[in-house]
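After this come two complexes, each holding chain A, first together with chain B and then together with chain C.
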Partner chain A sequence: MPEKTVSAQFEVYRFDPAHDSAPRYDRYTLDLAPHTPVLSALLRIRAEIDPSLTLRYSCRSAICGSCAMQVNSKSRLACETQIGPELERNGRIVVEPMRNQAVLRDLVVDQEPFWRHYDQIQPHLILDPRHPMPEGKENPMTPEEVDRFKETPRCIACAACFSACPAVEADPGFPGPMALAKLYRFVVDPRDTAHQDRLLAIQPGGLWTCLRCHLCTEACPKDVRPSERIRDLKEMAIAAQGATEPGSRHAVGFKENIRERGLLSEAKLVRQTSGISGMVGQLGQGVRIYRKKPEILKAPHKIEGLDEVQKIYDALDHTEDDAS
Partner chain B sequence: MVGAGLAGQRAALAAIQAGRDVAVVSKLHPLRSHSGAAQGGINAALGKEDSVDTHIYDTVKGSDYLGDQDAIEFFCREAGPTVVEMEHFGTIFSRGPDGSLARRAFGGAGFPRTIYAADRTGLALLQGLWERLGTERFTLYEEWDLTDLVVREGRVQGIVAFDRKHGDFEEIATSSVVLATGPFGRVYGRTTNAHSCTGDGVAAAYDVGAFLKDMEFVQFHPTLLLESGILITEGARGEGGILKNALGERFMSRYAPHVLELASRDVVSRAIVTEVAEGRGFPGPYGGYVHLELMHLGREKVESRLQEIVDYSRNFAGIDPVTEPIPVYPGQHYMMGGIGTNIRGETNIPGLFAAGEAACVSIHGANRLGGNSLLETLVFGKEAGIAAAAHAKTAARTEMTSADLDAAVAPLRAWSSRKDGEDPSTLRTEMQQTMEKYVGIYRTEADLLEGVKRIRAVKARFDRVQVVDQSKVYNLNLTDALETGHMLELAEAIVVGAYARTESRGAHSRADYPKRDDAHWMKHTMAAKSPAGPILSYTPVTYTRWEPKERVY
Partner chain C sequence: MKLAYYPGCVAQESGKELDMATRWVCRALEIELVEFPNFSCCGSGFIDEANEVLNVALNARNLAIAERAGLDLLTICSTCQGMLSLANLRMKDPKVRTRVEGALKPLGIEYRGTTKVKHLLQVLVEDVGLPAIQNKVRRPLQGLKVGAFYGCHLLRPADELNWESAEEPHSFEDLLTVLGATAVDYRGRVMCCGFPIQFVKPDVASRIAGRQIDDARTHGADAMATPCPLCHISLDAYQNQAAKAVGHPLDMPILHLPQVVGLAFGATPEELGLPRHLVPTESAVAKIGSRVPA
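Coming up: the complex of A and B.
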């Protein structure tokens, strides 16, 4: 019994720098079953219509990380994105290369910057020769210690997170979600002896560039949740050396501010984040805000029920103690 | 090193540690290698109740007595140290409550000895090894296709490869080459193998006179997700998953009454094919199938230990294995055959080495046990790296010339300059359909003869293959043609070997010769390339302590 098919419209980004002066979108219409993966459709286009359509692909089972691309503007693995829901959502299927990486041809992007950031976090166990590994035996690791990796071992380095990340777009020096999730994986590894050094290096090394928009977590096909691991790294970095960067001072200042009065003192937060000299730099902006909102300079009043807020803080501090 | 999966990376590490200058050539970024798709685990007899001897015996029996016992003994002795080394390199394995490496049961094994990392053991090992290798100095040529080996004066002089990104053919002069290019499962249509598993290194070795060994032994995994052919790990049965036919019978009781679903893979695959052929399968648009049930294991166990399987079922078949059965059918999974090597990874050509699934040592013989292939990549990758490094140290200077490059490249340029010709994708599909139909799980003389005829017809058409894409950058159309040409040679070696072997042993099941025939066939097939097709010869199997017995599970 043949399965019901739908007529699927594809618009595929095409660009060959050797021949084309500008990219174009080629249209293809295929009759396909709704659960057909986008990758299968693209391979059919290659086999039956245009063998020059260029993309990376290999395993077709979401484990090699080759076929990340944008499907209807979302960074996805083409192999596990079914056409049915995409057609329902968008009426057609627009396939484009990943963002934040230069296009080499069609859907193939230059991943050199992505891998360079990965290399730069020192993605290997750093060992202390004074503590050799057990001879002829594995290092013991409890199931609880394995759980601390969270889902980071599932990362297939597909770069969907790197493509989705606005901080990568704004600051090419930002390591990106994958590299930071990988860093987390080493910082919680009981075999690694450089946890402290890794955390000291990353606080000024881009950790606070993360915008906490969680687009990486939304894009990740393996549920690695990079944004949550970046949050964990931020907490661990502050615990390791205190708040040394504007980003971490902002976070700590925010927390202290609310604990004191239940409301944010914005002027105080600027001082906490940037210091007195930093405040001088932001003076122009401060004056503009003051004109519109003169109360900015006044410390906010303490809110009613502040003791309840403080109870929440105490409870949270208590849980953190338990966790550590 | 050509190929950068587990075997190629381990060979590279060994050769670097031996002080040699190493280049790694791979058509994929190393972390995208097909080794990463291995799910279930890696065998090592680390349990107190288990022993290396039992692992050896299980492997010998699993091989249906075609494995070389000296190689198997070496292999199983290296298992423990190899797994421990990978743990020290940083691999994140699953753990037992006492903090030791967790183990699960696998088919054909006397004890639970399969060490694992959830159901993504290959990925965990690939990450661990790549991270370790990353601390060493070597040159990586990423996304380069191997086109030719250059052998002159009876020894290796170097390789020719195609740099996809820049569209240039390049030569690399070297006295030692390790081929670790993995399998060639894409000669079949229904396969768990990645699209990139096209046997480029195996075909290149065959082309310069290396023997291909035991090519007719093709493992069909019992449980591929219907339609997509995605692998559902044997670990799913190891964790307690059961197989049922359309009558609701747990049919394995008829084929392997003692171990049921945990019989060896060839046994379970044949059982499923028989059930469907005899009308007890479920019908469907993609052919008959059976059910793999995990529901009785409970949500917690299924979701924690078989996480990827849950995702595959949901994303590729719209099935939730926590509440529904998974539709499965057997398909090509593993090539026992490959480039013939000894324990040190040496081929019959000085300077040419092979390891991993591209090679045939042989430890798997007529049928590989689950959990032994990841181990093979690491054990024999290391050996091949050591041997290649030793050879490079003493070998005479290589002599690659521009004439070598021109000779290798000239036919490929002709593909692109043709005004009309055969489309590589069409030829590939016809080859896959032929292998599926005539060289499948059950084989007969008539089918195999038809298979030889059809593969040769496709091969003849390949002489007129055309590459229409004229771009220099990432010309995948050229890669298509290269790979198809490679696979056609290997498909022919498989079918000719299968036709000649008039017995049933392990994964090679001749419906017309249903019994194992030790008197005539306890020997390895060796295929040598000739213009008229493979020329077969045979070499004896090495025995140490285990006499052949009937294989019952």
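Coming up: the complex of A and C.
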């Protein structure tokens, strides 16, 4: 028995930079079954109403990653997003191009920055020429070694994470979640011989701009969990190279800070991250805050049972020794 | 209701007004806050970056303290909520658990994993319930348009925290509505405040904070409200920097979650620590007037 249809209202972003001075939203109303994918609806609009609607798609099966766009402000693959739940929650379906990439036309964006950042992490095995693989031999990995990067190969490069990332939006130099997740894949690959160089290269301007807001993990249609892989990279970078950057100094400084009293000494953390010169730079802001909140300069009390906390550090924290 | 009160670092320090407002609201709702002077910092996501297992162990110790007292744990910070909840989850991984127990057992600390971690927002909406909250409203926040700002770690990763939809949450808006306020719908409400990189990449952090404040403002918000004191630092204490980053003045009062509740329950701005904010809150308070029955 055919499914009952619903009247679905679409508002679709339309913009042709060559001809339009500003974007507009075109409205279309279609009778569709609730399980209809947004992509199918858009293709029907293009076939039956407006052949100029421009969009990118290919497989229609959530494999190719071409049809990522914003559906009601969420990064989604249009082919696997059904209209029913969207209508229930929002009453209409607003379709917009992905964010953080320039619009070429309508729902098609310029993916150049996304791919540029991907290329920059050297997404291929780097082998040491002094130890070439013996001709005709394989370079085997254990199942445990493969397990360390079992999520990242699921990535279909749809750029939903790049579109959702607030660090990409605020800092075009930030590589974005996908490039960093791919980097992780090579840093834990036992066959790769450039682990240290990769970690060194990614730290300034790259790794430590991640806000660990998990918006990428939420947006990813393939559960690659980029934010968690970026966290892993940060811990590996500190273990291998110590606290060399403001970001790693902040993380390590925070850890050391808590060891002393069990609670955070706020002013001391600023000094640990920024150094004395950095503190001078923030003096004006510090005074502004101090006037309302004089506690920022006070060290907190030591918690009861601080010895327990310190013994936990003794048992589990050796990274600073390894790094020095 | 009786809960182990986990105020976190900031509410005991520069965000003391959050602690004041929490105590005021919990008194009004007869929620007994049991204090534990041996709780340590949750690690705020930073210790997690430096040493994940250490971070889990510190929080397993915190959870064991509440567990020994047979209490669920109340957080008032999105980040504390995330870190403590995820520690419960990571402890289900046998490899992590073995290492953590190796550090805790010699100290006589037993972690069993029975303590639930609940943010104040969850306790208000789910345990106290919206009808009971509505009964306590003495000064409805009529005329006040509030942009809820959730804070990342209360929502994400949603499949691990197992609470609300991270993309379309509604608890905070539901609460604001029963308090009489108008909840403003804007994309920024589930976005990041920039705080984690405030001291690492201040310019980028300020652009991110400014972006969300602007978003709330253009959607008509008179004030924003947050369940996270770290978001509060970014949005309030550093709002002047955010204004510089977006290139125009910002004047957005930023309220802590229990301050909004307290205002509706009839508390004075002083009782809720509002004068401690960097961005004056008078414009928001003026919108609701002082219609408290004598």
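Criterion: the second predicted complex is superposed on the first by the 303 of 324 C-alpha atoms of A that agree within 3 Å, B and C clash if a C-alpha of one lies under 4 Å from a C-alpha of the other, contacts with A are read in each partner's own complex, and residues count from 1 in each chain.
We adopt the following convention: a contact is a pair of C-beta atoms (placed from the backbone, for glycine too) under 8 Å apart; a residue touches a chain by one contact, two chains touch by 3 or more.
Since the model is a prediction, treat every value here as computed from it, not as a measurement.
Enquirer: Considering only the touch criterion stated at the top, classify A:R24 as touching first (chain B), second (chain C), both, or neither.
Expert: neither
Enquirer: Touch test for A:L215: chain B only (first), chain C only (second), both, or neither?
Expert: second
Enquirer: Is A:R116 contacted by the first partner chain B, the second partner chain C, both or neither?
Expert: Once the two structures are laid over each other on A, A:R116 reaches no partner at all.
Enquirer: Give one of first, second, both or neither to describe whether A:E169 is in contact with chain B, with chain C, with both, or with none.
Expert: second
Enquirer: Check whether A:F149 is in contact with chain B, with chain C, with both or with neither, and answer first, second, both or neither.
Expert: Once the two structures are laid over each other on A, A:F149 reaches chain B alone.
Enquirer: Classify the contacts of A:D317 with the two partner chains as first (chain B alone), second (chain C alone), both, or neither.
Expert: second
Enquirer: Taking the complex as given, what residues does chain C use to touch chain A?
Expert: For chain C paired with chain A, touching residues are 9-10, 12-16, 37-41, 43-54, 57-58, 61, 99-100, 102-104, 106-107, 109, 152-153, 156-158, 166-168, 187, 191-192, 194, 196-197, 199-201, 204, 207-208, 211, 237-238, 240-241, 275-278.
Enquirer: Applying the document's contact rule, which stretches of chain A touch chain C when the two form their complex?
Expert: Listed in rising order, the residues are 73-74, 89, 166-167, 169-171, 174, 208-209, 211-215, 217-218, 225, 227-228, 231, 234-235, 238, 245-248, 250-252, 254-255, 258, 262-264, 266, 269-270, 273-274, 285, 288-289, 292-293, 295-296, 298, 300, 303-306, 308-309, 311-313, 315-317, 319.
Enquirer: Inside the complex, what are the residues of chain A that reach chain B?
Expert: So the residues of chain A in touch with chain B come to 1-3, 16-19, 35, 37, 43, 46-48, 51-52, 54-55, 57-66, 80, 82, 104-106, 108, 111, 115, 119, 123-125, 133, 136-143, 145-146, 149, 153-154, 156-157, 185, 189, 191.
Enquirer: Quick one: which bits of chain B touch chain A in the complex? Just the residue numbers, please.
Expert: Spelled out, the residues of chain B in touch with chain A are 28-29, 31-34, 36-37, 81, 83-84, 87-90, 92-101, 117-118, 120, 123-124, 127, 131-132, 134-135, 165, 194-196, 228, 230-231, 285, 307-308, 311-312, 315-318, 423-426, 429, 468-469, 471-477, 480.
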